[in-house]
Each structure stands twice: as structure tokens, then as C-alpha cells.
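Once you've had a glance at the structure underneath, I'll fire off some questions.
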Amino acid sequence: MYKYIFRRVLMLIPVIIGVTFIVFFILNLSPGDPAAIILGDQATAEALEMKREELGLNDPIFVRYGNYMVNLVHGDLGTSYRNNLDVWDQVIQRFPNTFILAVISTLIALLIGIPTGITSALKQYSMMDNISMIIALIGVSMPVFWLGLMLVIFFSLNLKILPSQGMGVGFIPLIKSLILPSFSLGAMSAAVIARMTRSSMLDVTRQDYISTARAKGLSEKIITNHHMLKNAMIPIITAVGLQFGTLLGGSMLTETVFSWPGVGRLMIDSIKSKDIPLVLGSVIFLAIMFTVVNLIVDIVYAFVDPRIKSQYKRK
Amino acid sequence: MEKVKNANKVSEQRSLWEDTWRRFKKNKMAMIGLYFMIILVIIAFATIVIDIATGQSFYNQHIIKQDLRRRLEGPSPGHIFGLDEFGRDVLMRMLWGTRYSLFMGTIAIVLSCIVGGVLGAVSGFYGKVTDNVIMRLMDILLAIPSMLLAIAIVASLGTSLINVLIAIAVSLIPRFARTVRASVLTVKDQEFIEAARAIGCSDIRIILKYIIPNSLSPLIVQFTLGIASAILSIAGLSFLGLGIQPPTPEWGAMLSNARTYIRDAWHVTAIPGLGIMFTILALNLVGDGLRDALDPRLKN
Amino acid sequence: MSNLLDIKDLTIYYETDDGIVQALNDVNLKLGVGETLGLVGETGAGKTTLARGIMGLVPNPPGKIVGGQVLYEGKDLTKLTNIEMQKIRGQHISMIFQDPMTSLNPVLTVGEQIMEVIINHNKITKASARILAEDMLERVGIPKERYDEYPHQFSGGMKQRVVIAIALACNPKILIADEPTTALDVTIQAQVLDMIYKLKSENNTSMLLITHDLGVVAQNCDYVAIIYAGEIVEYGSLKEIYKETKHPYTEGLFGSIPSLTVNVNRLQAIVGIMPDPTKLPKGCKFYDRCKYSKPICAEKLPDMVQLSETHKVRCILYQ
Amino acid sequence: MIENDELLKVEHLKKYFDTPSGLLHAVDDMNFSIKKGETLGVVGESGCGKSTMGRAILRLHEPTSGKVLYKGEDIIQYNKVQMKNMRKKMQIIFQDPFASLNPRMTVSEAIIEPLMVQGIFLKSDKKGLNAQVDKVMELVGLAKRLINTYPHELDGGRRQRIGIARALAVNPEFIVCDEPVSALDVSIQAQILNLMQDLQDELNLTYMFITHDLSVVKHFANDIAVMYLGQMVEKAPSKKLFENPVHPYTKALLSAIPVPDPDYKMDRIFLKGEITSPINPKPGCRFSKRCLYATESCIGGDIATKEVEPGHFVNCVLA
Amino acid sequence: DNTPANNDEQQSDNGQQNTEKQYKDTLVWAQGADITSLDPHQGKETTAVQVTDQIFDTLTVVNAKTGELEPQIAESWDQPNDTTYVFHIRKGIKFHDGSELTADDVKFSLDRAIASAAVSYIVDFIDTVTVIDNYTVEVKLDAPYAPALRNLSVPFSAIIPKAIVEKDVDAFIKNPIGSGPYKFVEWKQGDSATLEAFNDYYAGAPATNKLVMKVIPEAAQRTIALETGEIDLAYDIIPNDLAKIRNNPDLTLFEAPSLTCYYISMNTNKKPFDNEKVREAINIAIDRDLIIDTIASGSGEAADAIIAPAVYGYFSPGKYEYNPEKAKQLLAEAGYANGFETSIWVNDNQIRIEVCQAIQAMLQEVGIKAKVEVLEFGKFIADSSAGKHDMGYFGWVTSTTDADYTYYSLEHSSQKGAAGNRSFLNDPEVDKLIEKARTSTDESVRLKAYEDLSILLKEINNNAPIYYSTITAGASAKVEGFVMDPIGYHKLTNVKVAK
């Protein structure tokens, strides 16, 4: 098991190299001079040249990538072009915000998605099934930012019960400020999870061991809770893992709508201002998180499914 | 348990696709979705025909011509969905925008489906090092948030229709690669592949004639669902100011451009918003319907 | 009352997209205390459906018990509520399913799966249930040390033994075994069948043994029912069926199996295949495959003819 | 034995699989030969390496080592082109008629495929192709109207006929039959077995018939090889094997077959335990752990093959 | 006129009329983007300055209410000759760490600003800075430069503590120390910044104890936050929200003419913009009032010159008459009777895009088919500097409040391309007028030169000024003492919020 984890962590290295390589080259080869963006439309040619030199933009691109990677190996993510602040500091400052948003969204998604999926599956083809699945589908179908704006207008502006933006300080304000963004972010995942749960529950229902359980004379409740759920969980866990990964990186729109100080927004802002070290830093961070989350998912798998556990042991 | 059919009656024979269609037809929601999509396709083509027939003059007169004095006017008998922030008829723009939402999504998906499909097939079929290399590549693509990838690509190549397409296509590649690989892996070990080897088929022939046709169904489902997420991605890019150039009446752009007016005139956001929502809903319904119809376990 | 189980005119249909599958038509069978009844038929003949019908486990939808009764100790099981049925299942009537590989829940330990049924039907503590379950494991020849292992750690034969342990954990009066050995190798099959036989005789359990292996039936059963396209075509004691074969289908079955004892140059195969269960012919279901068929066979469904006290056959030849 | 008669000779054939838990000896040093026009039956329990051997002989799995001499030539040394030509002479029929047909190909496509791949007919030669398809379909007893049906529209028996037709299309001399009837019902099984027998007589085919059903091979094969965990434990002309089994495993196997005769009193030999793992097996007799007669001499060294009577080979220290 | 319509009585505290009015401890304001850098010589974006300007002071300051130049760190100054200024530093000014501000700090700061690529353009008129004594600094210029004192009031020439910065620049950037009315407390990136009153401020402690800046990128969300009371003050209200604030009795809308002019720059290097008639046609084909009335919700004024009326040196050469008929005629005369195809570049800013779309539609009316191309900012700047554009839509703030800043950058031939002259105008006459006004210290000479220049430019028509925007802010009605700064660098020293 430890060996397995170790191997998976080692896999991070090529992923990080690949991710930085792709992002570095896309950003560098694209038109638009970081110096010009920083200095704005009122900068003189000399100032631009000065800035370029200062940022080391005059070196050939491979030299710059090489330098970057060398620094990275030493644990140095560089400093931001725009404000000379340490990239690591900036990313680590924002990361918990994105993380908590992703966690709460996932929780909301699970809380809504799993029960909905189960009820739908148990009452397949019923009215209930259809309605909940249609609602779930609508959840997937709305552009996130649109849903976000509508939620704000309704809950903040009209009902005045929840803050419209920002991240609250202190427990209660934090929770309150989390509700709208995590709901608008989690809505889509909730739908995905609900549908996933439904189909994997239906899958399980058809299995022979469920017939065996019935033949034992077990009650439906025990069959559902004890025999079906744990088996149905396995594909759901994959879905949740992937969703969590997407939420981590994909919260850019939500973060913008809700002025949430997360990595997603940092990334957009830094892409727009071509603050390459900052973009790279956030991407590396997200890539690591993504990999770690998937690793955790795989480990959780092993706990749910003894077959997988013994596979890891063997490796 | 397979049902033994009475093969004595030739009239009863159905191809696999007919079978699928027959099951699909039974699913009311999926049919509603399908009808909706057909209507959209008809609209898209009709508007294109009108554009060609009138040499863009209809487009210029009714789709992009502004009437700023009447901006944000609410629905009225003359303009049942009201006017947008430039005093243009929202309904007309919705109709003319159909093609973008529909075809851009589709083209992006076709692109990523081809690239991802080939990668996935090769990866699954050859396994070992090839598989490892391709799948790690896909991991890398997956580890970069898809929106970020799209933004980076659009930001670097510029905001044009083509670039938005490329961006979305690239970010969807891993999805297809994984789907195809998974189904290739299940198909690969079936005996009929071995049977093909036994008669001397080459790898290429096996991939083309045996594996791909049999991995098609999950791909088809991914396809419909992929179009849906492509449409949403386009809207998301528009929200970040990286979508399609004005005054093109693309729905995502309409929605995100009008979002500042969400409190002043509900219709300018609600109409494109609902348009997107229903389209995606329809695509999802069709996708789900296909999934069920193609699922061999549900055959009875 | 000598009959523990008395199935009367049981008719079960599946309503599918393709039409109504008449899986079981007017089936009459009985099972006495301690007896073993073999049920033989080809794939799709309705064997599993019958078993599920007795257990009240016909998947609904699409399945439906259209008519008939399943009398267990005089009670009609088809009339019981699901809750009442839950008390019968496992405790009075147990069932072993076709495939041991998929009959066990992969995420629960084998011990847990045995214990569960014990706890469910007896008011005892977990600890004492565990002791009973361990005992049950030993009785089917698995060391109790393996109580906490998962099904995937067991071989096919061991899994099937666990399934048997589950089925017999509460000493049921009736055991329904649906092809309990089809998925196993001959040597393992012999072990498993032997074990079932032993356990069954210990408790004087009655058994319905479903199979399509006439050899298995010959070695294990007291009575045999031959089922074809949802109908019992012949019923009798073991001897009667094997030595005084009456129905052309039964005859065909015997002709189809290569025998170790008799040398034949060519098998006497039955031509054709079973009719589509959604479009069953009006008359004798075996009509178009039967070498003795007469025009009337296509028109009229022959009645069950009582040939001896136990031997019954449904064929025009004996009317 | 006249050398010329031998169509296929297998020498020291080995096939090991590299698995996460170690080297799996699926086929370990097999030696035998098959005469032209005859049938070699290969029996053994599930997982003992029968299919692997069949596939290794056709080079569908590359053997780890050993020789496969076809008319005296070692086909393992053949290059791709030679091998492709060889495939015209050697064919295979698979166990599962459901999985071995491409669900996206119609009956005629499935039969045309080998003809086209092998370049026997050109794609443009519609007439030639159709004629050959008609011929082969008639040969295996498939009605001509089924030409455009898909496998899923047909029953198991017909599907297996397509599998046979596909193998026959290129006019092979040698066919590996990998449990061609074990997925079929007894009545259909008999039809297929009869068909294969007829084809052998008609076309002078040579079969290697893999099965786990001893009664089938007894009926079918000239010689029978019994496999256990990748190795051959006994090989004899079929009659002799049944009359005088020597190896304890063969004996146990024969005793475990349920005979469809109520008067036949079975004298079962019960084996201890279950099949051991084929991964990194220890030297010596692989059956020793389950063998009732195992002695010290069974483990440690390789067991020599003895010819107990002409044509009857046994791998056991007791023999 | 920038007095807020804050005449309503404070109804809420009727009951406590006699007691002293209670004020909140904290003021929360919202802006659309985060601080880019807390280093005043680095973070030149308005959103950065809006914060750093509370922390740092400059030598001189422009009174936001009156527009007059006033002393700040420099108590007074002399001008011995055209190219020399001597500043007398106010004694007893303390930095937030308690150290005293001296001439060394001033020299250090100005030198540092000159060396900074980001802001040097504001102070690069300076040749040398010399410390005369602890409280006297001499600044020598390359050449006479009339707007010098105004440039020194721009926050980019802020005075920072030499000792601290020299010791550890990184620490300073993270934790800036200035001599302004507020001390820096915390910056939560992407979220907020917190400042605290500096009680030892030379002009006395500021009115409110704590300031919190919140980043709210979505404009509509800023208004909503204001309406729900989550914030006290919001900058940059989008036009369509103006009425909502104006009509809300709980809120106050601040509006003032800005120093910003939005204009279309036509690339005179490219056909057909090398033709004056085409340029004029475009200028009169645009219905400026319509754009202001609709897209800008009436907030703004039609532009007739490239600098705003609030800028020193502004002269109105007469309004552009909207006349599509005449435009068509001009186009015909120029040989484009059937119009032509071209493009307008704009960066990704909602209002700017909308304006361009409106212009696009107006040009369409006279037969010009213009594509609106939205570019990501970096590409927009880079490619337009390189002259790849046909027309580009820009906004220009005269941040020094002196006309020279704009005319020199946008119209002088030496500034072609990257530096600002994106119409690539090369007109000796224009150059001459700009230089004349730049080097003269005689106000009347300068004003006359600018008058001539604006008339000349209106004939050349290389740029099409569209409108002068209004600078806006919304506030809770309880906010007192808020004065708009025409550039947007709102000082919050005297602002307080009633409870």
C-alpha cells in the first residue's frame, strides 16, 4: 500500500513537468508582452525595455524554461511579474479559500445528489424519479455564472438573508458567505452525482447477490443500506473525486461572481496580465491537488472495496 | 439471460441500430429532447439559408441593426422577447445564434472526439508503454483545469471563433481518450478479436473493423454530453470576455454581455439563459436516452 | 398432509418491450418432506422463474404472477405480503442461485453474510450468531479462520459452499438449488453436491434441484420434472423418467447426451430450437421439433395424463 | 507410429504469463502429436491451461518456448507473412458463440472476412465470395435467408454454426475447437457435435478438441490428453483411458462424472482441497497436494513420462 | 460640479438629536480589482493607488474639491529658475514606524520613481535631485517643464522611507510603510486590504479609525453589496446601475467629470485613414450623444477634444455635429462612395465593447463595415503599438491634470506607437505647438498654444474623441465627507460613516 502511494506520488513529477511545459509555452509563445501589460498603455519604449530586462524576458525561451525548472527543483516558484511578491506566498494564501469552497460544494453536492439518486433508483420510472432527474438535469444545464447571479439577486438582494459576495471572517459569517457560491458551484456536481448514484444503484439492484440477500429474508431497508449502498458507492466515489478536482480548478467563474478570493480568480487575473510565474505557480498547485485528490479517492476505494485493497497489497 | 428469438420470421429482423432506435423511441423524455434538437437544427439551417439568399442584408437589417433609443425594451407584441442592450430583437438574435451554439459545440466535439478517440484507441489497443505515455499525457491535460486551458489557448491565439473551438476541443480530448480507451479495453479481450487474429487480420483492420464499431456506443453518449459541456464552456469563456466577437449573436455571449442588465431587464439574460439551458437539457436527455437504448443489459 | 410444498397452476409472465413472455404456464408440482425433486429443462424453459415464483422474488416489473398458488404447509405464499414473505425466506425456504461468483456480495466478508441470515431470523446476539456462523462454515468444509475474508479471496467451489452455508444456516424446510454446480468443475461439482446431500439428509430438508444435467439428477433426486417452454411435460419418479421415458422431448434429451456407459456412433439430437416465449404456439409447444408429431398436436394442447401414481406426461401419444 | 501421419507435433511447449503476483505457468512443457484426420481431446479443469495451449499452438499467444511442428515445420519460427498463410490451414472455433462473433457484422460479413483477409477472393469478386459463403453456410446447416442477420438475432446453436462456418471458410486442415459446445444446451450441443463429426468425415479435418466434459470427448476423440495445472498427466487412446485410467487425477475425474443412469452406483473418489495456484509452481507433481496416494517421491523432482501400454502415457510415480 | 446630493436629513437618529452623532469605527469600500502592488513606484493601476494613496503622501497635492495645487510633504517651494525647484520639507512628519521623514527620503524616493519602469514617465522630467540639508531638496530639470509641480502630486511620486526600503525591499513591498494618514495592516489578496488610522499623521488623525477595501470584480455585485449594506462605499458604478443608486433614499450617488477621454484612434499609416476626409467622415458619423444617453446612461459628456474640460489647457474647438449624410458625402469625395471594410479593436471591457458595437452600427449606416475585434489586453496593447490596427478604441486619463501629458503622448510624432501616439500622426505643426506649450512657463502662451492645437487637431481628425466619462461612486447615505477625485484616487482622510 505504501509502495503504491509512493509510486503514485512519484507520478507527480512527469505531470508537473508536463503541466508547466504546456502552460509555460502557451503563455510565452502567445502574443502580448508581459511588460507592456504591466506598464499599461501609457508606457514609453524605454520603460518597456527596462521592464523586459528586469523580468528576464529577453532570454531565449528555453533558457527561461530551464531556469524556471531549476528554481522549481529548489522549491522556488519565483516571484510575480506584477508585484514582485513570492508566488508561493500568494498561491498558498488563496488556496485554502478555493479548497474550502470546493469541499463545501462537494458536500452540498453529495448531500443533494446521493439521496436524490437513491430515491430515484429505488422508485425507478416513478413520478419522483422523473422529477428529481429533471431537476438534476436543469442543474447541469445552467451556466454557473448565471445561476450565481440569480441566486444573489434572490437571496441577497430580495430576501437579504445571505451576503452577496466575499468571504466572511469568523465561523458564522464564513458559513453564510459560503452558501451561495458553494451552492451555485455544487449544483452541477449534485446533478452529476445524483445521476451517477441512480445508475450505479440500478446496476447493483440487478446483481445476483441482491437476489441472494432477498432470499435470506432480509428486509428491504437492510438490503438497501447494507448490501446496495456500499457497492454502489464505488463508481460514485470516482465521480466525486473527479468532480472535486474540477471544482478545485473550475471555480473561476464562481469566484469571480462572488468575489471569492480563490486560486481560480488569481489564475484568470494572472493569465490576463500574463503574470507567467503566478499562472505556473497556481497551475502546479492545482495539478498537485488534483493528483492528491485522485490518490485519496483510490485509497478510499480500497476501503470500500476489498478487491481493490488486495490489489494494492500485491503491487 | 439472452432471449432466444424466433429466427423463422425474416420480417422481424432488426439491425442493432434499429433496435437502439426502437428502444430510444420508447423514452418520452429523450424524444422530447430529440425533437427540440431537430427544431434547433432546422432553425440553424433556415437562418443560414436566409442569410445566403438575402446576401446578409436580412442579417444586417434585423440581427445587428441597433436601435439604441429603445434598448432593453421589454417584451411586446412586436418583439415578443423584447429588445437587447442595443435595441435589437432578442428573438431574432436567438434564432440567428442557434447555429453557433449548435455547430460550434458540435465541431469542437468532433475535433476532440477524433483526436481523443484515436489516442484512446491506440492507447487501449497497444497497452504497455504506448498506453502509459498517452495516458500520462492525458493526465497532464486533465490536471490543467479545462477552463484554464481554454483561457490560455484563447488568450494566446486571440479570441476568434476558430480559437475558441480549438480551446474547447483540446480541453475535452482527455474525456474522449479515456472513454474510448476504456471501451477498447473491454472489447479487446473479447473472443471475436482473437477470432479476427486467427484469420490473419492486421492490427489496423482489427482496430477499424472490430474495435471502433464496438466502442461506439459510449462514444456516442459522450458526444451528446460533450456538446452540452462545450456550449457551457463557450458561455463561460464569454463571461470572462474571451468568447465570440460582437455583434455575433452567440447565446453564451448574449447572456454574459447582458448580465449587467440582469436587474434592469430580465429578458435580456433570461432568454439566452433559458435557450442554453433547454438546449443542454435536450442534449442531456438525448444522451441519457441513447445510453439506455445502447445498454445491452437493458435489452429486455 | 404429506406435501410440504404444493404448486398449483402457477403461471408467470414477463411483460417486456417485445411482448409478453409466457415464462411459466399452469405448472403443477409437489414436494414432500425430505424429498428431492429434480427440475430439468433447457435454457429459458422457465426453471429459474419457477424458483423465483416460489420465493416470491419474481422481478416486478416486468414479471408478474398471473395465476395459481404456491402452497407451503397449506399457506398460499403468493398471497403473503412482502414482510410476511421475508419471514419465510431464509428460514423456511432457502435458495441457492445459479452463479456462485456473483451470488456473494463482494464488499462484505463471507462470515458476515452467513451471520446476517442467522441474526435476521433468530433473536440472538452478534457474538453467538458468529459462533453459529463459524460452525456453519466448518460444516461446509471451510476452516472458520477464514470467516473474515472476502469472497474474492475464495475459489469458485468455496464460494459455492459459502452460498450453501448461507442457505442452510437456519435449517430451512425447503432448499431450492438453481443449477448449483453448473459453474463448477466436475470434481468440485461432485464435492459440492455431496455436501448438499449430506446436510440435507441431516435435517431432513426437502430440495428442489434445478439443472440441465441429467447425470446430476440421476445421482441426487427422488422425483424428476421435465420442463419445456414453461410447461411441465413429464413428471415421475427417478426410475420412471429414466427407465420408462415417455415424452418425446425427454427422449430427445436422453438421446442428446453423450453417455459414458453406452457407446453410440452418433447422438440422437433434437432438431430445431425452443419456440419464442413471446409467441408460444397454441398446441403442443414441442410440436415442430417432435418426430412423432401429428397435425392435431399443433391445434390442441394435450392434457396431463396420469400413467401411474407418480408418473404423468403431457403428450397426445398417451391420451 | 508412422511419422508421415503426424499433422501436428508439439514439443516442449511452454507459455508463461507475467502477472503482478509472479510468473504464471499456464502451459508447462506439453508434448504430443495429432495424426491427420484424427481428433485429440484435451480435458482438464477450469484454468488448467487448455485454452492457452490451443492459442499458443495457433500463435494467438506467442509461446514462451517450445516447438509447434506442422507437417514437420516449426511454425513458431515463421514470420508474419508465412504465419498469415499458415492461418489458412489452421483455424479455431471458440467456446462462447456470443463473445466470439463481432456483434457489428452480419453472418455473411463474418464469413467473408477471412476470405478477404486471406486474399482468397478479392473484394470485387462478389460472385466468388457469395458462392463461397453459400457453400459454407450450407455445409454447416445455416439457412441462406440468414445471410444478413446479426449474431444477436440468432440463437446460440446458430451462432456457433457461424463460428464453425467462419473457421471452415478458408478450407483449413486443422481446427482447434476450444470448448465449442460448453455454452450450449444439451439438445443444441448434440446438433453441433453431430455437425462437427460430419464435417470431419467429409473434409478429412484434424481436430484438437478442448473440453472439460469427459463424456463429450469420449464420444468424439481418438486420443485424449488429460491436463492438470499446465501439464499433461495422462494421454491415451480414448477407449483405453476410460477402461484403464492410471493417473490418480484421471481416476478422480472419471469417478466424478455424474452418470445419467439411476442404477449406476457411482464410486466417487473425493479429492482433498482445491486446485493450487499455477503461479511459480514448485517442482514435482502438481497434483500431489490433492492426491490420495501422494508420497515423498512426488515432490522435489520432475516426474518422468511412462508409456504404460502402447500409446498410453502417464506422468506419475505410481505408474 | 461634484457636490453630492447629500442634503437629506439623517432621519434615522431623530431620537438622539441632542446627543453627539455616533460614527462607525470602520469604513468599507469596494473596488473592481485588487491592488496590483503596494509599492507606490510599482502599482500604477488606479485600483492600487486607491489604497496606497491612503498610506503614502507626496510632495505636493491637488485639492480634489478645488483643483488647486497645495503643499503636502513639501511645506513650500521656490523656483530659482526655469529648471530648478527647491522644496522645503515640512518638519516633524513621521513615517508609520515612528521615524522622521527627511530630505534623504525625498531624494531616495524620487530617484527610485525615476528608475522604476512602471512610473518613471511621471517624473522623468527630473534631471537630478540633490539634498541641500535635512529639510531642503533641490530638484533640477532637463528642460523647462511647466507641469512639474502637478506631476509631483501624482501618487506615483510618493515619498517612502529610505532606511526601511534599503534594508529589505521585499518586506517593504509586503508591509509598506509611508507617512500618509493610514497605516497598512493587512492585505488578503483577491479579497481585501485593511488600513488603520495613523494617529501621528502630520495633519492630525484621520476621521475613521479603520478602512477596509474589498475587491468585488463584478460591477453589478458592487451595487448589490451597497444596497444590502455590506459596504459603505463603492467605486466605479456601471452606468445602468446609476439610477438605482440615485433613486435609493438610503444611498448617495457621487458623480464628477473625470479626466478621462475615450477615443477612437485611426491608424493614419493605413488606408483609407491616411485620408483626412475619411477621418472626418468617421468623426461626424458617430452620434456621441446617443451613446452617452444610452450605453453610458447619461453619465458623461460628448467629447470634442482629446482632453477633458477638467484638464488644464482644455479648449473647446466646437462640438462634432452628428451628420451621417455629410459623412457619406465626404466618403464619396474621398473615393469611398460604397464605403469600405475595416475593424475596430477594443480590449475586453464590457462598456468599451458596447460603445464599439454602437459605433460599429453607426458606421454601418454610412456604409463602413467595421468588425469589432475584442482583444485580450496584452495583445491589444502590443499589436496596436506595432500599428497593426485599423482603428482602436482607447481611454486616456490625463493623470497629471495638465494637457501636456496627453497631447505630448498622443499627438507628438516622437511618441508614435508604443508610447501612445497610436494614430501614428506625424505633423510638424502639431509637434511645434506641443513643444511650445511644454517648455513655456508663461500660462497665457501655453493656453494659446493648446487652443491652437485643439483647433488644428479637429481639422486633422486623426482621433475621434467620443466622450468624457464621469467618475462615479456610490455610498451609503450615512457616509460623510467623501470628495471625489477626478482621476479616481479618492482620499479617504476625512470620510466617516454615521452609525
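Order of writing sets the labels: A, B, C, D and E. Residues in every chain begin at 1.
Here is the rule we use: a residue touches a chain if its C-beta (ideal position, glycine included) is under 8 Å from a C-beta of that chain, and two chains touch if they have at least 3 such contacts.
To keep track of the chains, here are their UniProt names: A, B = Peptide/nickel transport system permease protein; C, D = Peptide/nickel transport system ATP-binding protein.
Computed from a prediction, not measured in an experiment: that's the story for all the values here.
S.K.: Any chance you could check whether A-E or B-E wins on number of contacting C-beta pairs?
M.R.: A-E
S.K.: Farthest chain from chain C, going by mean C-alpha coordinates, please.
M.R.: Checked the centroid distances; the maximum from chain C is E.
S.K.: For chain C versus chain E, what separation do you get between their C-alpha means, in angstrom?
M.R.: That gives a centre separation of 89 Å.
S.K.: Any idea how many Å lie between the Cα centroids of chain B and chain C?
M.R.: The separation of the two C-alpha centroids amounts to 50 Å.
S.K.: Rounded to the nearest whole Å, what is the centre-to-centre distance of chain A and chain C, using the mean of the C-alpha atoms as each centre?
M.R.: 52
S.K.: Multi-chain contacts only, two chains or more: what residues does chain B have there?
M.R.: Within chain B, the residues that touch at least two other chains are 4-5, 155, 158, 259, 262-263.
S.K.: Considering chain D alone, which of its residues make contact with at least two other chains?
M.R.: Within chain D, residues 155-156 contact more than one other chain.
S.K.: Specify, in ascending order, the residues of chain C that touch 2 or more different other chains.
M.R.: Those would be 43, 273.
S.K.: Sort out for me which residues of chain A touch chain C in the complex.
M.R.: The contact residues of chain A facing chain C are 207-209, 211-220, 222, 226-227, 230-231, 304-307, 310.
S.K.: Using the touch rule from the top, collect the residues of chain B that touch chain E in their complex.
M.R.: 60, 64-66, 68-69, 71, 85-86, 154-155, 158-159, 241-242, 245-247, 257, 259-264
S.K.: Please output the residues of chain A touching chain E within their complex, sorted ascending.
M.R.: Of all residues in chain A, those touching chain E are 30-45, 47-48, 50-51, 54, 82-86, 90, 93-94, 97, 149, 152-153, 156-157, 160, 163-167, 256-259, 261-262, 265-266, 269, 272-274.
S.K.: If you look only at chain E, which of its residues touch chain B in the complex?
M.R.: Answer in residue numbers: 219-220, 238, 240-241, 244, 290-291, 293-295, 348-350, 353-354, 356-358, 360-361, 364, 371-376, 378-379.
S.K.: Chain B touches which residues of chain A in the complex?
M.R.: 11, 14-15, 18-19, 22-23, 26-27, 29-32, 130, 134, 137-138, 140-146, 149-150, 153, 157, 195, 206, 245-246, 248-250, 252-253, 256, 264, 267-268, 271-272, 279, 283, 286-287, 290-291
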